[in-house]
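Note that subunit A is present in both complexes that follow, paired respectively with subunit B and with subunit C.
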Partner chain A sequence: MKRTRQPGISRRATLALMGAGAVTIAAPWVARAQAKTIKIGMPTILSGRVAQLGTSSRNAVLLEVEKVNAAGGLAGRQIEMVIRDSKGQPQEAARIARELVNTDGCEMLFDGEASSGSFAVHEVARDLGVLCIHTCSEASSLTADPKQHIPNAFRCVRQGIHDSIVGGSYAAAIAKTKGLKKWATCSPDYAYGRDTTGEFSLYLKRFAPDVEIISESWPKLFQPDYTEVVTKILQAKPQALYTCLWGGDLTSYIDQANIYALFTQMEVFAVNMADYTALTVVKNLPKGIHSGNRYIKTFPKTPENAAWGDAYRAKYNEYPTNWSWQNATAVMLLTEAVKKANSTDGKKVAEALRGLTIKCPFGADGTVTMRGEDNTLVGYAIGWGTTIPQEPYVPEVKAGDWKTIFELEAEWKKSKGYT
Partner chain B sequence: MTELQAGRASETLSAPRIETRSFRSRYRDILVALVAFAVLAALPFFFGSKALLDFVIRCSAFGLFATSLNLLVGYTGMISFGHGMFFGLGAYGFGLLMQRTGVPIPVAFVATLAITAVFAAIIGAICVRLKEIYFAFVTLAFQMLIHSTILTWASLTGGDQGLRGGIPRPVFLGIDLANHVHLYITSCALLVLGLLLMRQIAQSPFGYTLRMIRDNARRASFIGIDVWRAKLTIFVLAALFASTGGMVMALFVSGAYPEFAYWTISGEGIFINMLGGVTTFLGPMVGTVLLLILNDTVTRFTEYHGIVLGLVILFFAIGLRKGLMDYLLEWYAQRRDGRGERG
Partner chain C sequence: MDIDALAGCLASPACLVTQTTSGLIIGMLLFLVAVGLTLIFGVLKVVNFSHGAFYMFGAYFAMTAYQLTDSFTLAMLCGAAGTAILGLIFERVFMSRVYGADVLMQLLVCYAFVLIFDDVVRMVWGPEFKSMGMPSAFQVPPLFIAGGVVPPYYLLLIGVALAAAMVLGLGLARTRIGKVIRAAAHNPGMVSALGINTGLLYGGVFALGGMLAGLAGALAAPVRSLTPGMGFSVLIESFIVTVIGGMGSILGALIGALLIGLIRSFGSLGFPLFTEGLMYLFMVIVLVSRPTGLFGKEVA
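Let's turn to the complex of A and B:
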């Protein structure tokens, strides 16, 4: 039998298309109508090699949001997090950030992007004027450079320059005690690696002027084989090695350097070692690696910090990361700012955030501050210690002195032309 | 009359008809472009959704990029794995000119095109002599060279953090690109104009020369075509359109990032061409719209978007064995022929 139906779009299909169109167009209005909850958008990296950045950030945010919601929410409004994967691509981060505000009706943004993605989201915040808290990007220029400054964006993250000052003074003290004059460096070949290593060397030489850097290695980011780097360092015979490799790169490096017994031949300073992501993954963690604290539940040595670390582990069956405490702090700061402003209006909250000091388990003295002059977090726990192969991994951490950090940071800003 | 003479006679007879047809089709293309631009420009007046405008802006950037890649892949048979470098060059060239020199936007636009043309001419002069896989890999090598340069020349490019601080957009001819609707209309204009120009290239005698090179370069060479020059010309032209796409993207995100010049951008271009089809002019544009819709919807619901997109690629590569537009065209032709036979 011959079919009589004419080719083309059927009535049913037309209706379905019209319906889908209406839903798409109406979505922003529907979103705004449900204003009882407050939506916070969060672009972050949930896939690829640094997916742990996004997943551990998300875990921490959700852990804190649960508490805030149980306590009545933000000014009586329950928080709903809308978290999306940017795949680590800046154009996707910008697209998602815009979509979260324009389509999903998010009133604030948590920017869980690293490096270039955070600058892309920063531009969206500049363009849309929405309140934005950066929670993962450690690039100092994001808030130190006045060209970047916008009144509605804040950074709730540790900073490369702070780490370098504390690391430099700690390493210099050890260099003087143990007579470590010949140093080598080995850091990933991209802006973070080069900047952080440069700043560390600067402060190391400032506190211990007779130190000499005799070898530099710049392995590629995500390089699988470090044999040539390890042998190059061994041939140079330095007394100490500095590295800012991180995550999987650091653990691969340590595993491979262990084969050559590198850690018995020199003192090693690895700023990113004391994070559970690295500590628990290395097969044979050498004793005595000097490291900056990323996140460990024993520093600051307070019951609040230990309880927070345990609660996170109990809920997610894994240790929190450096990104976790930063994201948790962002929620805590936001909550207090909303209380202070007695409003969830972005501008009022931003005003309340500026210069706000709150009680926080991750504070050096039990508090952290959102510094008003450059909208960045200060006063967080920062220090260096040495590793042991089992829990608590870094038993003693020597805390950095925030007074010195502030002084040297001001000098550094001046030298960069930021002030 | 010999066969040759007969051929010539029929050529003289049919020549005016062909000319009239191409003349008509050119006007038809311009008309279609005008209608498309009018429809796109009218969208903001009917729909308040900023996300829709963002979507079209991104479609413009990737559409220009993917269609220009198709000039190489589909029309000339040159599979470039490094076409993304020109997308990145466009974004960085434009961003740097605007940030550092403060020249008016049209000047920066033209200067960026000129810079891209120089780069493309140098890289192309080396690459287009090579065939198939060698061409593909040397273009990829150049792309990685440019990407590495962007990463390491941090004082100029900002390294892995990209061009920061936003791209200034001074008003020109009453157009304010800081205004979302103005940016949208400008992107649409660039897209439509770019597509129209590429269509003219594809339909010109030069376009048919490219097809001939694709089908049999040696034969083309024997009948007197300078294959190297033709390939280099299209390589440079395609780079200019990709660069324009990069500039649109730089304006959209108000910055330029090393990822724009990374091989994954070239990979996305090839994926778009696979999705949309390479035998029709609008195939890559359809592929762009499909990929962006897929990407935007899938990433909303799952972080395992890689699996979903992978399955889609498999469906097109193994299931359909061609792009969507290629498939639809074939299906339509079969249907028409079938009806013709019945009738």
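Let's turn to the complex of A and C:
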């Protein structure tokens, strides 16, 4: 029997119509959902020698963003991070930052670059007017120099000058009690090494005027062998040594200085020692190296800080770095600023960020503040202590005094012609 | 410039001993890398730009072996043997294909492998820096010789490197295989015509060069941090050594490496801001006065 087609609409056509209808109805919903997420772009260093720090920045941001999204997002909008590798090259960082805003539609930027790249990203933020939070660059001039100032850029990072003031006063106190008058320095030969060592010496001599720097060494960045530097310092016979070597350079230096028994012959002040990246790698960590706190979960000694460090470790199977806490703090600050502004508009959020104080596990008194006058982070936990070869690595950290920091920072700014 | 410090050091036996041994250590490690480079160039006429990678692999192999077995000797053997095998495979599979090609092609292949080997290390051992740690046998206070400080580990290091230099020098001069290698450097066509398997010979020389660099990496592992890309800075200095000593000359590599080591150790006292520059300055002087290097032979 021949099947005849029933009059009316066929089943196939019905299905097609229903499908089309579903798409039409759903489409605005999809569009709404896209507008509902807010994209934040982030150039950072995910390959090369500093990759570990960049990765720890990304990890910390994602850890915090997950919490914010679970709690409903920024003013009801879910955060979507767009994180790209700059390979540590300033021009690449600038290109990526621009692309993130112009092509990817990011409404805000986290600048996870080291000092070299952060100035480049800063210029992109100046040009595009997009809200930008620097999360890794410690170079003081980035926010201290009024020429750099733009209303839409903030620095959520510890700062070189703060570290130097605290380090100088801590070292001077020890120099006085132990009678350490002859000092040597040994730092990497590039802008960071030169500046930081210069500022540290300045404040050391200010607090302990009879200190004398009798020997300086400037090994190359990433130099494989420090033997000649180690023996040169031994020849100079200083009573104390300051170094701002960091990462693999610092661990090499310690291994090589160790077999010359350098650490038994002088007090060593290594500002970058107390970071888990270095602490956990050195196999024979000498006892009693003085170091600044980079990130350590026992300073500030609060349950919040310990819990944060452990949560990070549980998720990523390693301890966070100095860059981690700074990036986490950036997400916390941004979240509070959006709440305060009740908007995700960049200009309104920037206005809310200025002078904002939030509760934070990394604050010296449980809070940190985005200082309004120069858009930079203050009130974070900062201090120095001595190392031991096992956890907690730095059992006692002597906290720096923010009142002194503010006074001397103001004086320093004046001397630089910044105010 | 701090000539007083340098003069003061030269007058004091304690300082002289410390700085000389420190120069020897730097020089000896450099020699092990540079001698492989110069050997490969001498026989294969290839500038092995990827030679630093063998130094890197030597260090990583040694670290892994040390972590697994807790034996320093095994760690050193693994570092050397592992890179020898790697060198053999690398030469047979890749380098042997570009011997006839122009220098640019060889450089490109080598440079490609610098990047590939770095990434391999990154994938296997991770991007972060590592430290092997000093074996407990050497965690002892340094020796004091005439008032100068000498760490026992560095004595071992100098001893091993010197032994390697002597075995290599005597081996090349006195043994049959040494003669064949020297003959191949001179006239590979004739060596091949005499029924000697030059492919095997080339692979062997490359493996030997890789092994020496690997040994240097293994010896350096307890005192230097391990990172992907760690071979590169060593490579640059090794090139300076081979240029000073003369491409293809083993004695030249030894003398060149020791000179660079001593320039570094004494230069850092007298010219703290110009130690690196001093090295290059020395190279320029050698090149101007003897373009083939101190022990290089005129190429016909």
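Definition applied: the second predicted complex is superposed on the first by the 386 of 419 C-alpha atoms of A that agree within 3 Å, B and C clash if a C-alpha of one lies under 4 Å from a C-alpha of the other, contacts with A are read in each partner's own complex, and residues count from 1 in each chain.
We adopt the following convention: a contact is a pair of C-beta atoms (placed from the backbone, for glycine too) under 8 Å apart; a residue touches a chain by one contact, two chains touch by 3 or more.
Keep in mind that what you see is a predicted model, and the values were worked out from it rather than measured.
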Simultaneous placement of subunit C and subunit B on subunit A, clash or fit: fit
Which superposed partner A:Thr419 touches (first subunit B, second subunit C, both, neither): neither
Which of subunit B and subunit C A:Gly247 touches, first, second, both or neither: second
Partner chain in contact with A:Ala94 - subunit B first, subunit C second, else both or neither: first
First (subunit B), second (subunit C), both or neither touched by A:Gln390: neither
Which of subunit B and subunit C A:Tyr260 touches, first, second, both or neither: second
First (subunit B), second (subunit C), both or neither touched by A:Asn102: first
Subunit B versus subunit C as contact partner of A:Ser47, first or second or both or neither: both
Touching partner for A:Gln148 - first (subunit B), second (subunit C), both, neither: first
Contacts of A:Phe119 with subunit B and subunit C, given as first, second, both or neither: first
Where subunit B and subunit C come nearest after superposition, their Cα distance in Å: 6
Subunit A positions touched by subunit B in one structure and by subunit C in the second: 47, 51
Contacting residues of subunit B [partner subunit A, same complex]: 47-52, 54, 58, 151-152, 154, 158-162, 164-166, 249, 252-255, 257-260, 264, 296, 299-300, 303-306, 335
Residues of subunit A touching subunit C in the complex: 47-49, 51-52, 55, 216-218, 220, 222-225, 227-232, 234-235, 247-249, 251-252, 255-256, 258-261, 277, 281-284
Touching residues on subunit C, where the partner in the complex is subunit A: 5, 9, 15, 18-19, 22-23, 25-26, 29, 127-134, 138-139, 141-142, 149, 151-154, 220, 222-227, 229-230, 233-234, 264-265, 267-269, 272-273, 275-276
Contact footprint of subunit B on subunit A as seen in their complex: 7, 24-25, 27-28, 46-47, 51, 84-85, 87-92, 94-96, 98-99, 102-103, 115-116, 119-120, 122-123, 126-127, 139, 141, 145, 147-148, 189-192, 194
